[in-house]
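In the two complexes below, chain A is the common chain; its partner is chain B in one and chain C in the other.
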Partner chain A sequence: MKLILPIIKKKKVGNNLSNWLFLAPCLIVLVVCAGWPLFRTIFFSFTDATLDNLKEITFVGTDNFVSLARNQEWWKAVLNTFIIAIISVPLETCLGIIVALVLNKSFKGCGIMRAVVLIPWTIPTIVSARMWAWMLNDAYGIINELLIRASIIDVPIPWTVSNTMSIVSIILVDVWKTTPYMALLLLAGLQSLPQDCFEAADVDSIPPLKKFFKLILPLMKPTIIVAMIFRTLDAVKIFDLVYILSSGNSANATMSVFARKHLVDYNEVGYGSAAATVLLFFVAFLGVIYISFSSRKMRD
Partner chain B sequence: MKKLIAFLFIFYFFSSNCITLKITCRSKGMELTLLKETIDEWVKRTGNEHKVEVIVLPHASNECFALYKQWLSAEAFDVDIMQMDVAWIGVFADSLADLSEFYTPNEIDIDDYFDAIKRSMYSGKRMVALPLYADCGIIYYRADLLENYEQPVPKTWQELYDVALYIQNEERKNPEKKNKFCGFVFQAKAFEMLTCNFVEIVDSFGGSLIKDGKVNVDSEEIQKSLLFLIDCLKNISTRSILNYSEEDSRGVFQSGNAVFMKNWPYAWSLLNDPSTAVAGKVKVMAIPPSEDGGKASGVLGGWFVTVSRYSRHKALAANLVKFLTCKEQQRIRSKNSYLPAFKSLYEDPQVLKDNPFFVQIRESLKNAVTRPSEYFGKNYSKASSEIFNAVNTILTDSIESKVNIKRELKRLNKKLNTIKYSEKDSEKNRPTKKEGFWNRIKKFFGF
Partner chain C sequence: MILKVSKWKFKRTLKKMFFCALCIVIAVCCLFPFYWAIISSLRCSSDVFSANLFPSRITFENYKYIFNDITFGCALWNSTSVAIITSVLASIVCLFAAYPLARRKFTGRKRVLMTALGVTTLPHVAVLSGMFEMIRIFDIYNEKSALVLAYMIITVPFTLWVMTNFMNSIPKDLEEAAIMDGASQYTILTKVFIPILKPAIVTTGLLAFIAAWNEFLFALTFTLTNQARTVPVSLALFSGASQHEFPYGLIMAAGVTVTLPLMLLVVIFQRKIISGLTAGAVKG
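Let's look at the complex of A and B:
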């Protein structure tokens, strides 16, 4: 301890240059890998660039954004994105809390259980989306087969066909995939709660439900909100599930699918970049909420 | 020491001579296996000097298209030979090498190609692509089922509908097939194949998307053909075709759960594989007309081989292209029912023995209908996605509620016109002289 302390003290007053030097590799990587593409995307969104002609471009001002605002397909994509986010995030949070509460109890094999629960989260989304697309297929999918054998339904449900049903399936798969992630975040929060409150509650023999609503939930509130914001940031960007599980019709596209389609399929780098930039601002807006929330929490 | 230097020199000489060509290929059906065999043969014949690396493409063809766009717009040299759908050649022509530079005039028997194919090979006077195999939309049917239920081979769409409905109802009496069996499977996922299917059915109803140089998609024939498609979807098909690509529908047909299937010829040899449920029971017919006496149809497909302009080994690549597309190789590939692009091969007894249905296909190929790729030029992909989106929307909505086909088609008409118009517009506005990027920025800010 004696040895380390002076070093820490020295570092606190240490010169600025060495701080920047240590930060430099990280900053350079960030600028090259995130800053430059970001800048280019925003730059392209004000031009009429096409994919086969990125050099001879003209500035068109805010034309792209104006026509984006007038495009019905875009608003449909925005609506779809928010429907998916607004339904899936609360569902994942509720299920996540339940799973976290179960995992928080120590029982035989709880260590293995915690690892096993994480499996859906560890499978790459594109793989699990394909997997679910096969399982949901109405001709040879196992889900319909099981439902028919259990006599819940008579006729196979075409899960990924109609617009409404494919959004339902996307939400289902998204919930399946990200509940473990939420559970893990919430479990971490749950385990850092002060134990004395619980002991006091046990002494007073408070019923479990009341304990949950009056004690655990209020104490967990900051963690839950942070976790929900994280998830929402992710959910707004949803791409792979939609790409695989929907029929490719623009009526069930989300914002990122819309942007990709215009960027790549339609050749319109300018227009697609505008869509991507708007999506960026949506995400940035949520990010700002998160930061302001967490800094308020710090002040408290 | 001297020996070592000599050895190193020889080693360097040989290693520098070895070129690795990169070629793209899809994994649909037998394509990949066949291509690898052909390449091994080529490598052997050229003295094992060079290597060829195969890049496997995504399943859906519009995804391959997007990939090519990224490569070619980045002027990437890490792909030399690209397999392309016939509709894309016009789009990419500027980034493709002129193959005629590498061949002597009589090296390739150009006059033996079908006319529609010959036209697709050229961009202006440059020969930018050679056909690997032709493709034409056809209908597969279960000859055994038709015989069992004493039904005739349909000659028109209406007859096909009646036969399919009858057999479907009979087969569904079997409890095991109750929910699975359907009369007719095709592809209605919102992707390129739906554009093909739409162009084809419109043609067989006597309509055309482009009339007298103008977009004309709200005609009566097109409405009729869409109404027919809706009837098919509702009564003799399964809803999930709205999310089917070629291989999905082959899955249903191959497991014996359908009477008719619209697909490309590649499925023939796969369906006749002894391990399948339908081997030896399948026959093929051309896309029927809507009425008696109408002309049979079929959409021209086909994959062509092109060499990237940015490739570093164009001459060698052109050599491999020639080998891949030569008559001998097309004959070998026809064993797996890939259609040759040469007319003379349709008279070859061995080829006809392997594929008796080629007789019908030769006729289809002669009056095959093409997708409007020439008309839309560089904007074809956008036009095509507007078309398949609109058709997919109409079909999807028709299940859930009543759909106003006329209004949807009017909307599509307007969109397609804008696409066509914007192309002209941008050509007009595009400056003829290359202006530097910084000059442009300066101009924009006004200094």
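Let's look at the complex of A and C:
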């Protein structure tokens, strides 16, 4: 052993260069595909660039940001983004915990159950958006039909047509689509908990509700917080679902939809980039919180 | 005593029934929308708007139409080729990068991992204009290579994390034995690690494939013609000839067609995919 150790150590020191050689392609890809475009977007947000004129641009200072702050539509988009994130993430977490607890039990058919739960996640977002748009269709949709048949409502609900109901449908579909993912994250956390605590609780025959609130929930807290931040990061970027379900109605736009619309459809690269930059800094702020949480977990 | 036992038994059955009911509710919620999509796709055009939970008559009319449609065929081919190229490229790049990240201790290791994690959280719309400029400079607008380039940003950081996690789980003895035999780092990676990691590589590749297959924002922005569009974009833009036409049967048929193969793969690789998916977020 004494003989081996120096050899390995020597190899490690000498190999620092080869470490970076192995990393080089990946780092180049990250810089070219993420770093540079990001830098350019921030740069464009201070200019009056358009899609067909990205070279001869004039520097306009913070004009784009100022007019963004004065734009009612932008604030509506910010509000929509927040509403969607603030409602859908806690809902997904609660439902995710329930599903995770079910999946954590070993029973006949738990393998099938796992596959079933994974299905909403496998369906491409656009497909699920169109699928739900069809189910929520105000005239022919099955959801309205079932609700009327069960005499919960009398008049069909205009799910995807009215502004408020559109937001509700977006949240509904988002929750349906991402709860499985949330459940899997929480299940992984649940399974890494020390099992002897649960056994002790079972021996003491502690009622399940008490066991959940006094034992599982406190132990799961770090996992739940990390998973919630992780999901919030995703939720504020929401684009696909809104694009399909709000059918171009700008009253339901989120920050991403607003930015893309100005960037591409209105041909205002500078203005759209400014909106995207604000979103970026907001996400970065959340991201810093997330990373500090997960690196604290890494140290433990 | 007997009374107590029967009460206990009663309580247990009640609990079991509650649990079963919960399972059924979850399963119905997960499955019903997709079931409804399949049912709608199998109905003939006059029957689409009926709300019967079971179809009275099944036709494959919609599927026939979809498979004879050139636009959809093009989109299917574009999506498949872009997703395969993206996942293979990302897997190769990350396989090499994950090796030192998982197996060596060097300054900057943690920083690289954290940068990758940071990139996964980037809003894609924030790289849109910069990426657009780059695609203009390379003159690849409306081409598949533009999409592959853009998809690297979604797949590489994520794949790197998952791959690093999988590589971390290989016992150290194997590597030490190889070092003792005088193997170089490259040999260790290609002759020792890659064979062991085969299932993990397939899984990460599959995850990258799914990410590329589902991507919408970049595909919508960087393609213009029907010949270059991918499946999500052509599905999103697909509408009837007039405003009053609802070709829902066709849309559902197309949706089911692009989802079923994916679903099959995910169910087959379920266990591995779950461990891959949760690697980045929770295990830290």
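By our rule, the second predicted complex is superposed on the first by the 279 of 300 C-alpha atoms of A that agree within 3 Å, B and C clash if a C-alpha of one lies under 4 Å from a C-alpha of the other, contacts with A are read in each partner's own complex, and residues count from 1 in each chain.
To be clear about the criterion, contacts are C-beta pairs under 8 Å (C-beta built on N, C-alpha and C of every residue); 3 or more make two chains touch, one makes a residue touch a chain.
Because the structure is predicted, anything quoted here is derived from the model rather than measured.
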| item | value |
| --- | --- |
| Dominant toucher of chain A (residue count), chain B or chain C | C |
| Contacts of A:F39 with chain B and chain C, given as first, second, both or neither | second |
| Which of chain B and chain C A:V264 touches, first, second, both or neither | both |
| Contacts of A:L51 with chain B and chain C, given as first, second, both or neither | both |
| Partner chain in contact with A:D63 - chain B first, chain C second, else both or neither | neither |
| Partner chain in contact with A:A188 - chain B first, chain C second, else both or neither | second |
| First (chain B), second (chain C), both or neither touched by A:Y140 | both |
| Which superposed partner A:V161 touches (first chain B, second chain C, both, neither) | first |
| Chain A positions touched by chain B in one structure and by chain C in the second | 51, 54, 137, 140, 264 |
| Sites on chain C touched by chain A in the complex | 19, 22-23, 26-27, 29-31, 33-34, 36-37, 40, 48-49, 51, 93-94, 96-97, 99-101, 104-106, 110, 112, 114-119, 121-134, 136, 149-150, 152-153, 156-157, 160, 176, 179-180, 185, 189, 210, 213-214, 216-217, 220-221, 231-233, 235-236, 246, 248, 251-252, 255, 258-259, 262-263, 266-267, 270, 273-275, 277-278, 281-284 |
| Chain A residues within the chain B interface of the complex | 48, 51-52, 54-59, 137-140, 148, 154-156, 158, 160-164, 246-251, 261, 264-267 |
| Touching residues (chain side chain A, partner chain C) in the complex | 4, 7-8, 11-12, 15-16, 18-20, 22-23, 25-27, 29-30, 32-34, 36-41, 44, 49, 51, 54, 98-99, 102, 105, 107, 111, 113-120, 122-132, 134-135, 137, 140, 142, 145-146, 176, 180-181, 184-185, 187-189, 192, 223, 226-227, 230, 233, 236-237, 239-240, 243-244, 255-256, 259-260, 263-264, 269, 272-273, 276-277, 279-280, 283, 286-287, 290-291, 294-295, 297-298 |
| Residue numbers on chain B that touch chain A, as the complex places them | 62, 65-66, 69-70, 72-73, 94-95, 179-180, 188-191, 238-240, 242-243, 248, 251-252, 255, 257, 378-379, 381-382, 385, 389, 392-393, 396, 399-400, 426, 429-431, 434-435, 437, 440-441, 444 |
